[in-house]
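All chains are identified by letter, namely A, B, C and D, in their written order; residue positions are counted from 1 within each chain.
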Amino acid sequence: MKKLINSPDSVIADALRGMAAAHPSLAVDLENRVISRAGGATQGKVGLVSGGGSGHEPLHGGYVGYGMLDAAAPGEVYTSPVPDQILAATKAADGGAGVLHIVKNYTGDVLNFRMAAELAEDEDVRVVSVVTNDDAAVEDSTYTAGRRGVGGTVFVEKIAGAAAEEGADLDTVARVAMHVNEVTRSFAIALHAGTVPAAGKPGFDLAENEVELGVGIHGEPGRERGAMAPVHDLIGYSLDVIHADRPISGDVLVMLNGQGGSPLIELYGAFAEAVAWIEGHGGRVARSLVGDYITSLDQEGFSITVMSLDDDLLRLWDAPVATPALRWGR
Amino acid sequence: MAFDAQTATAWITASEAAVKADEARLTSLDAAIGDGDHGANMARGLAAASTNIAERAPSTPGDVLVAAGRGIVAKTGGASGPLYGSAFRRAGKALGDAASVEAPVLGAALEAALTAIKELGGANEGDKTMVDALTPAVAAFQAVAADGGPIAAAAAAAADAAEQGLSATVPLQARKGRASYLGPRSIGHEDPGAASTTLILRALAEVTA
Amino acid sequence: MKKLINSPDSVIADALRGMAAAHPSLAVDLENRVISRAGGATQGKVGLVSGGGSGHEPLHGGYVGYGMLDAAAPGEVYTSPVPDQILAATKAADGGAGVLHIVKNYTGDVLNFRMAAELAEDEDVRVVSVVTNDDAAVEDSTYTAGRRGVGGTVFVEKIAGAAAEEGADLDTVARVAMHVNEVTRSFAIALHAGTVPAAGKPGFDLAENEVELGVGIHGEPGRERGAMAPVHDLIGYSLDVIHADRPISGDVLVMLNGQGGSPLIELYGAFAEAVAWIEGHGGRVARSLVGDYITSLDQEGFSITVMSLDDDLLRLWDAPVATPALRWGR
Amino acid sequence: MAFDAQTATAWITASEAAVKADEARLTSLDAAIGDGDHGANMARGLAAASTNIAERAPSTPGDVLVAAGRGIVAKTGGASGPLYGSAFRRAGKALGDAASVEAPVLGAALEAALTAIKELGGANEGDKTMVDALTPAVAAFQAVAADGGPIAAAAAAAADAAEQGLSATVPLQARKGRASYLGPRSIGHEDPGAASTTLILRALAEVTA
């Protein structure tokens, strides 16, 4: 393992120092590990908090700012944050109109956020939680932990953030967030596993002619191993899975996301295949993101996230946003 | 030998040492069907438990376990943080403010821990989680205690039962936690949380022996 | 080699299709391989054109848009574009006030741009060329090809672009561009070489304990091989070289750039070290960029670029920009 | 045998084939001290030269070389595109509109090619570039021609001299092109452009033999 780090133990602390120095628009509490807006909570606005394990940068700290999150709580690499930390983020986000917790569906995230929400209620901050679970790779069932929250979380943060900025109340913002999650599906394929600094070696080994199909965002193996193929086929496979789960039609928002180790030139090529597939199935890519938005350290591969658009969602997507990783309109 | 604050503290210390010694194994179990952080999580969590106990210097075994649980919740993160944290906290509360307890009360406390984990995580036996190690362990502990056996014997039986529960997770397909995302590919591996539960119960057997 | 591609031959064409689909603000001429602003040239404004080999995404196509470039000409991977292509970009950028060619100092780029400039003059488009050569790793001499143009090119494109948008004439925009180049220095270290798709294997091999010091942006070996070290030391080495060449003091603009395969969490950690070094030497990081801005395919490593700021440069840096890869203020 | 349009066309075809056959070697020479694209560049460039000749069907050797040069400039990119492109174009111009030329005129055309490269790229002998192969080759060609030797003998001498010039680049430190960025690390390798020049001159010797 060769990485641009000082030691596996210092990775998060060093990265937070770097974020603090790079983004004057952020307040980075190095002690509590909370990233919030430099100006503090917006009075009267619903606060948005998310968090989870680190290693997914720019998620979530890179989405703190106008039109998106108010605070983020980054845990250890791939490990959910702890309740006190989430509580501190919740307080930093609270402008008196309550706080929305955006939680990716992992047992650890769900439990720690639930505990934090209870602590917050004790301090008279009203919290509503929305759990994202957009990963079409995982079979859903009430008897299991259910689906993972993956790329769709970026859409939830953006669109719920825009609704909050418009002045919607907590229940409305939560409803918008849940709606986004419902109309969004993702699928991911990895070519080479990422390396957790503390582990020192890739999460799984793949031969030159193998890929992992249906991976999540934590360097874990996917639902099955497949043969390496042209990106046309990898994208086709992914969109077939999504389409079978929730038909792709009409206007859609698409994120062609890199997992951290695949270069932009490849992501653009993959996106071209996705657009061709969707148009070939009668859909239209009305909006898109291509790049590294929710990563798995240095893992090579992509994820694709597709959301059905309606007029409301389109307006909220297009609304101004000013965060380190997503910015337009101001 | 009764279970007092000193023994409770020794239990946490021994658990911490056992997890540290086996950190790499826990991590590689988790890498196979999870995200490869269970060793680090447990090491961080039990270190926090020890620190919290040292800072508060609790005088009853109940308070020791509550302090351990709070330390774990506050520093671990992940699934294991809230689950183990609540388990220790609820076990501690079940001990009340007695200066020392005998086997039946400790057995009831372990059962409270199991209940906490099941309530919080929603897992049942057979879902391939720590519940699969703790459920038979609690039953074994209580059986020895009900027969009037000493804590040492009950704890040894519990550790043995946990070990068997751990082995029994190998053929299971996970239905809870990260391993569930792998579907059938989770079959054929030990559950990391069941492995750490076994270490913790073995530590209890050691310090009470 | 495992890549998200269809075949080594189709990489550029596929990526351009993807860029076209992803960015309605761009006009992508797939035939001539020219990326320009969708609205066409701005009448009366000096046009800015850059280009070079592909594999450095988002450079240059990702910097086409308001406040930066008017057109870009992407060549084959790591190979400069051809004169006709650059001519087409020049014509697409021409709003009647002349066109600035921003050329990175490589023999191939310089020669092909020179030929294109001659062709453009034949068609009555006035062209002035600025050659960037900010790489402090290379010894400068009139007897050699001189220094490479690397990260500083991003600053030149942004700041000269802002000057052009303000209405400066061609000679003024060229002077601004040259000034930026003069007050900017870069240095790069690679941990793992990138793979050119047509070559199929990394440009060089490094052992687990080795790094290449002073690499460029084309997957070439650096000026020497060194021992792997904590990022604190790698950044210190880099800034020592830059500082020895052109002292770092006062307010500076810093780009901590990833080479394509290193994740953002590492880049932030590296940036934290850079800020500490610069502050320790009495400088102040007044503005910064942290992320992948000028890459070398999937190469792992970083480059750091330092520019001395004055009031004018700061104003031009802060001026609005709206491109796929750099956006603020609108 | 005189040098006419057919021979000139055959030269380009043979050069294209030679470069294709050795594409991997040119690329790996360039990977060592450059950016690893010289094989692909030369293959693309000479293919474009052939296409351009086929499209224009020029009737003089001068026009053949001009068409080759234009094709190379238009499609190659990199340093070698303008350099080789200008070299062929200037060589073609030097041949004028003769239907066929003898050794001294062809020698002068090769000299014009060398001058074009030196003017455009600013390199001198010893800078570790294609100039190091072409300079002795032109001298050797002209020496044979001045002695009244036929094109075949002159071209064979030129190819041999280029080969020696190529070998002589090994101990040199590059002062031009990408290899110059490596400083002393450029020592110990053949220059890729000198290698492609040698292939092209060997192709000339073959088609005129």
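Please note the rule applied: contacts are C-beta pairs under 8 Å (C-beta built on N, C-alpha and C of every residue); 3 or more make two chains touch, one makes a residue touch a chain.
None of these values were measured; they are calculated from a predicted model.
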Far-end chain from chain A, centres as C-alpha averages: D
For chain A paired with chain D, centre-to-centre distance based on mean C-alpha positions, whole Å: 55
Geometric centre distance via CA averages, chain C-chain A, whole Å: 29
Separation of chain C from chain D, taking each centre as the mean of its C-alpha atoms, in whole Å: 32
Whole-Å gap separating chain B and chain D, where each centre is the average of the chain's CA atoms: 76
Residues within chain C bordering two or more other chains: none
Chain contact graph, described as a line, ring, star, complete graph or other shape: line
Touching pairs - complete list by chain label: A-B, A-C, C-D
Contact set on chain C toward chain A in their complex: 1-7, 10-11, 14-19, 21-22, 54-55, 57-58, 62, 191-192, 194, 206, 208, 211, 228, 230-232, 234, 256, 260-273, 275, 285, 288, 290, 292, 295, 297-298, 300-302, 322, 327-330
List of chain B residues in touch with chain A within their complex: 27, 31, 33-37, 40-41, 44, 73-83, 120-121, 175-178, 180-183, 185
Chain C - residues contacting chain D, complex: 53, 75-84, 106-108, 111-112, 114-115, 135, 137-139, 143-145, 148, 196, 198-199, 203-204, 216, 218-221, 223-224
